[in-house]
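Letters are used for the chains, namely A, B, C and D, taken in the order the chains are written, and counting of residues starts over at 1 for each.
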Amino acid sequence: MAKRIGFVGLGTMGLPMARNLLRAGHRLRAFDLDPARARMLADVGGATASSACDAARGAEVVITMLPASRHVEEAVLGSGGVLEGLEPGATLVDMSTIDPATTRRVEAAVRERGARMLDAPVSGGAIGAERGTLTIMVGGDAEVLDQLRDVLAAMGTNIVHCGPIGLGETVKLANQILGGTAMVAVAEAFAMGIRMGADPRVLLNVISQSTGNCWMLRQAPVPGLTEEAAVNRDFAPGFMVDLMHKDLGLALQAADEHGLPLTLTAVAHQLYGLASRHGYGRLDVSAVARLLEGPGELLWGRPPAPPGRPVRP
Amino acid sequence: MAKRIGFVGLGTMGLPMARNLLRAGHRLRAFDLDPARARMLADVGGATASSACDAARGAEVVITMLPASRHVEEAVLGSGGVLEGLEPGATLVDMSTIDPATTRRVEAAVRERGARMLDAPVSGGAIGAERGTLTIMVGGDAEVLDQLRDVLAAMGTNIVHCGPIGLGETVKLANQILGGTAMVAVAEAFAMGIRMGADPRVLLNVISQSTGNCWMLRQAPVPGLTEEAAVNRDFAPGFMVDLMHKDLGLALQAADEHGLPLTLTAVAHQLYGLASRHGYGRLDVSAVARLLEGPGELLWGRPPAPPGRPVRP
Amino acid sequence: MAKRIGFVGLGTMGLPMARNLLRAGHRLRAFDLDPARARMLADVGGATASSACDAARGAEVVITMLPASRHVEEAVLGSGGVLEGLEPGATLVDMSTIDPATTRRVEAAVRERGARMLDAPVSGGAIGAERGTLTIMVGGDAEVLDQLRDVLAAMGTNIVHCGPIGLGETVKLANQILGGTAMVAVAEAFAMGIRMGADPRVLLNVISQSTGNCWMLRQAPVPGLTEEAAVNRDFAPGFMVDLMHKDLGLALQAADEHGLPLTLTAVAHQLYGLASRHGYGRLDVSAVARLLEGPGELLWGRPPAPPGRPVRP
Amino acid sequence: MAKRIGFVGLGTMGLPMARNLLRAGHRLRAFDLDPARARMLADVGGATASSACDAARGAEVVITMLPASRHVEEAVLGSGGVLEGLEPGATLVDMSTIDPATTRRVEAAVRERGARMLDAPVSGGAIGAERGTLTIMVGGDAEVLDQLRDVLAAMGTNIVHCGPIGLGETVKLANQILGGTAMVAVAEAFAMGIRMGADPRVLLNVISQSTGNCWMLRQAPVPGLTEEAAVNRDFAPGFMVDLMHKDLGLALQAADEHGLPLTLTAVAHQLYGLASRHGYGRLDVSAVARLLEGPGELLWGRPPAPPGRPVRP
């Protein structure tokens, strides 16, 4: 059933997600601080709002997709923000990855206004956003989620209820701890292996059947090793180093508030920070390998042997 | 075709591997510093050797399965060692996980004697050793491997040629970098998630479909979460903290000799070292979570909710 | 010249600081959430305020000495807070160690009210607070500082102007980076040295004349090695593990906001966090050595050889 | 009393040390793999040996000053090495920084030959070597040291007996743990402080009077801040990043053999390794700050304000 949706935040992720909502037959009024982004949506049938408040007015559902906690706070609670326009009974769905404490603070304000809120961060990257195949991790009331399932289904194929408000963010951050450390470990394992003479195809083949197997293995930054690795496209993201750095920072902060040290995560966080400082922040996470490599060598650029060469006897 | 095999090192891994060789019809003469271990093999039909040299004499294949580089050096090159008994034309198969530089040094001595050598470290743990389902990573001449494939097939189901001598060890260490860091990351991700209110079954379910998925996820130390996790058996290994600590140390040393820093691996190595110091060294790797937890709490001991409770709407 | 001073926060540091102000002849009205603390000051001549606002009313100077950023925000900007009672022309001196961004936010609110603010965190610990020998690092207008120099001189002997508002906090955090990492390094250096047979007195003697010399060296946790080390008093602080953990967290957060990774500091931060989790949080920073040691040994408890034994030939 | 000295290893440290021995009136026969180095000594009166063995023949004292454990093993125990020429009753003084286990292995061989050995690593860098002001940390028999005190006094002003054989190395490594971590911490503290607006002179002034004070503070890589900092000479060492990386690696290995994790040291070791990979290996240790900085900025290059500007009111 088509819904009236307000959409705030038309970035790399938000724009293709909004397009998919339009395609699914929903009516959209969207706002972005950059008018050029809003026009890109207008081209395919979306209406343009003059503010976050304006986007929220008259909407059954308001979706926010913003870079960080402070943007969500400002866009929802700030002057001219969503809260000023949000109808009682409407639902705010924040799909940004932010810290769960902010989520709970925003939800309290939304509830006070007589409206409802879900947190619904995603994984799957720009490609998942375009194809509508995101995984969506939802926190909040299960009934509210059920009423909005058709809306979310326009953007993602795997919609999981993770618990009460804030738990979507929590599960997302737990996933980032694993993905973020794994990417660094892939870089280190392949650097060591290749440097000691191993064929990267053997490394991929053996490890993917062993205790070291992980999703990020197929992002190993060796040109031509897998089709999907960002290294084949000059590290065009995918998922950016700077965003992984931000997400791991959120996980560390959340854990710290619970008196929980996360030592390995802290070091991965620092390594992404160093990678960013060395100029790789807007590249794909797999470019963290470039930090390890240093500027003067082409460890990863070594093309694998031609296909004819036998790898396994 | 049944072979005459000398076997040196009847520890937790070596003994079940030797038994599988007997079951497959090979003839064995085995040596262990601890005579009690040799008797355990004699009970099922193996002959007992009085030294490593004695085990090697007359054998077509000599297998060594020892804890660390220095044990291999001593058992092969030392006085009363394999080398003194090794027949020209015989093959030494070292299945220990040691540093590849030692492997190459030993191989040179073996070659000088007119014999041959493969390095063939395994993954799969004590259970894989018992069931004969190990993964065996082989370095050395492909033809030599082909001649011994039936011997290795008695112990493992996945036999991979990784390249010239030493490359079996190298690929094994690359795998350990990934598995070793992943186990710590699993502990950190679940600690954070559970502490913030997430249901561990939701964490497992969502992450196993996302970018954070990894083999070690199913070893998450939450009682009852998966059947195979060592936490359900008081952290009985599986694969010990102390061995993971040793293997990551080998990876770091090998990389350092190539001028390659492995920062994340180094920190995981230290955390396993701390876990060992705090008394968890002979427990399963997943007990590294106990270090994170501290002594005064039962984060991981919290039983998950009864099966009836709906996790996903 | 005696001044009318409002004082908020009578903890381990605040109470002796307030006493020193009374001794120097200033008039005090003090507030603490715990009435028992206020009574301890009343015993020596201080007046008791019913709230932070009440303490501020009529005061020329208001001093806050609180655990963390959120306490300062609440005590100053919150309902019943300092700001409601602060006289135009009065000066707020925040002597807490908090993040410089909070300092600037609070200062803006104070300025808007027509009052003035300095940030003036201290170093020197509980002993320095009692003896009035603190180092006080001051951010804000130099003229304002000059007018209050006699007030600060009652609490500290080393008063340094560090720059505009927030710079007192910044310099304090930079100092904590060095002191916090040094304490861990002292623990590691002595653990290694002692374990390998070195006499701790030789370690202290040689290193204090070499490139490894640092202030924290004299806090090496070897009983009897120096008189001042907290290990001699069952690790009674001194400066607590939990406070060092908090301060390093502030430094990391501040640096992160400037896109600056601090990898070594991040690991020290984690180690203090682990030490806290293992039950050492309210002990002196030097107790971080207990984490390294593990529960089952008495590395640090080994008494040094009797004084008669010659250490140097 | 003048002695007949054999000297092996005329590198950056060894050559000026040998010169100082000549100046003090000792007779020298020296060997270096690079004949050009030996000629540089011949110019000032040293005799040239054709091998390490040749240098040892007829000498009362043989001094070795070599880069790493394997060079010492080779130069002493190898074919044509010191041991072949060493006279019974002579003393080998190894002044290299190597791992204490190697020291003990070499000492056992020397003792078997009827000769004696001291380990005597130094601190003080190339400048200390030239000026003869090194600190010399001596392990071995105290009486042997007393007999050679005049020889050592030609090279260093601070000669400390640290205990039995190997303890000189041990104490040296303990010092490196502190100096090596401190240098990284100095870089991080100044980076954070300067980035947040602090005047580097205030940082130096305040911290040098506080708990963060350390020897390395005066090596803070801010041009013009202190006279002695290597940053003023384009990071010409001083003490090289690569040597600090080596020494911290030795400390980690030694501790590991005693089951002792050194987590902070391990991370400092990795950061020097990364700095080396990024091209700073042969610069002064303070160049580790360049890694933190990244290639695109000139944080450290910002000249401090002209001397006229008031730093403290």
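Following the convention adopted for this analysis, a contact is a pair of C-beta atoms (placed from the backbone, for glycine too) under 8 Å apart; a residue touches a chain by one contact, two chains touch by 3 or more.
The shown structure was predicted, so the numbers you read here are calculated from the model rather than taken from an experiment.
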{"item": "More contacts between chains, B-C or B-D", "value": "B-D"}
{"item": "Farthest-lying chain, centroid of Cα atoms versus that of chain B", "value": "C"}
{"item": "CA centroid of chain B to CA centroid of chain C, Å", "value": "48"}
{"item": "Distance between the centres, which are taken as Cα means, of chain D and chain C, whole angstrom", "value": "36"}
{"item": "Centre-to-centre distance between chain D and chain B (centres being mean Cα positions), rounded to whole Å", "value": "39"}
{"item": "Multi-partner residues of chain A (each touching 2 or more other chains)", "value": "260-263, 267, 271, 274, 277, 292"}
{"item": "Parts of chain B lying in touch with chain D, wherever the complex brings them together", "value": "249, 256, 259-263, 266-267, 269-271, 273-274, 276-277"}
{"item": "Chain C residues within the chain D interface of the complex", "value": "100, 123, 135, 137, 142, 145-146, 158, 160-164, 166-167, 170-171, 173-179, 181-182, 184-186, 188-193, 195-199, 202-203, 205-207, 209-217, 239, 251, 254-255, 258, 260-265, 267-268, 271, 292, 312-313"}
{"item": "In the complex with chain D, residue positions of chain A that touch it", "value": "263, 267, 274, 277-279, 291-296"}
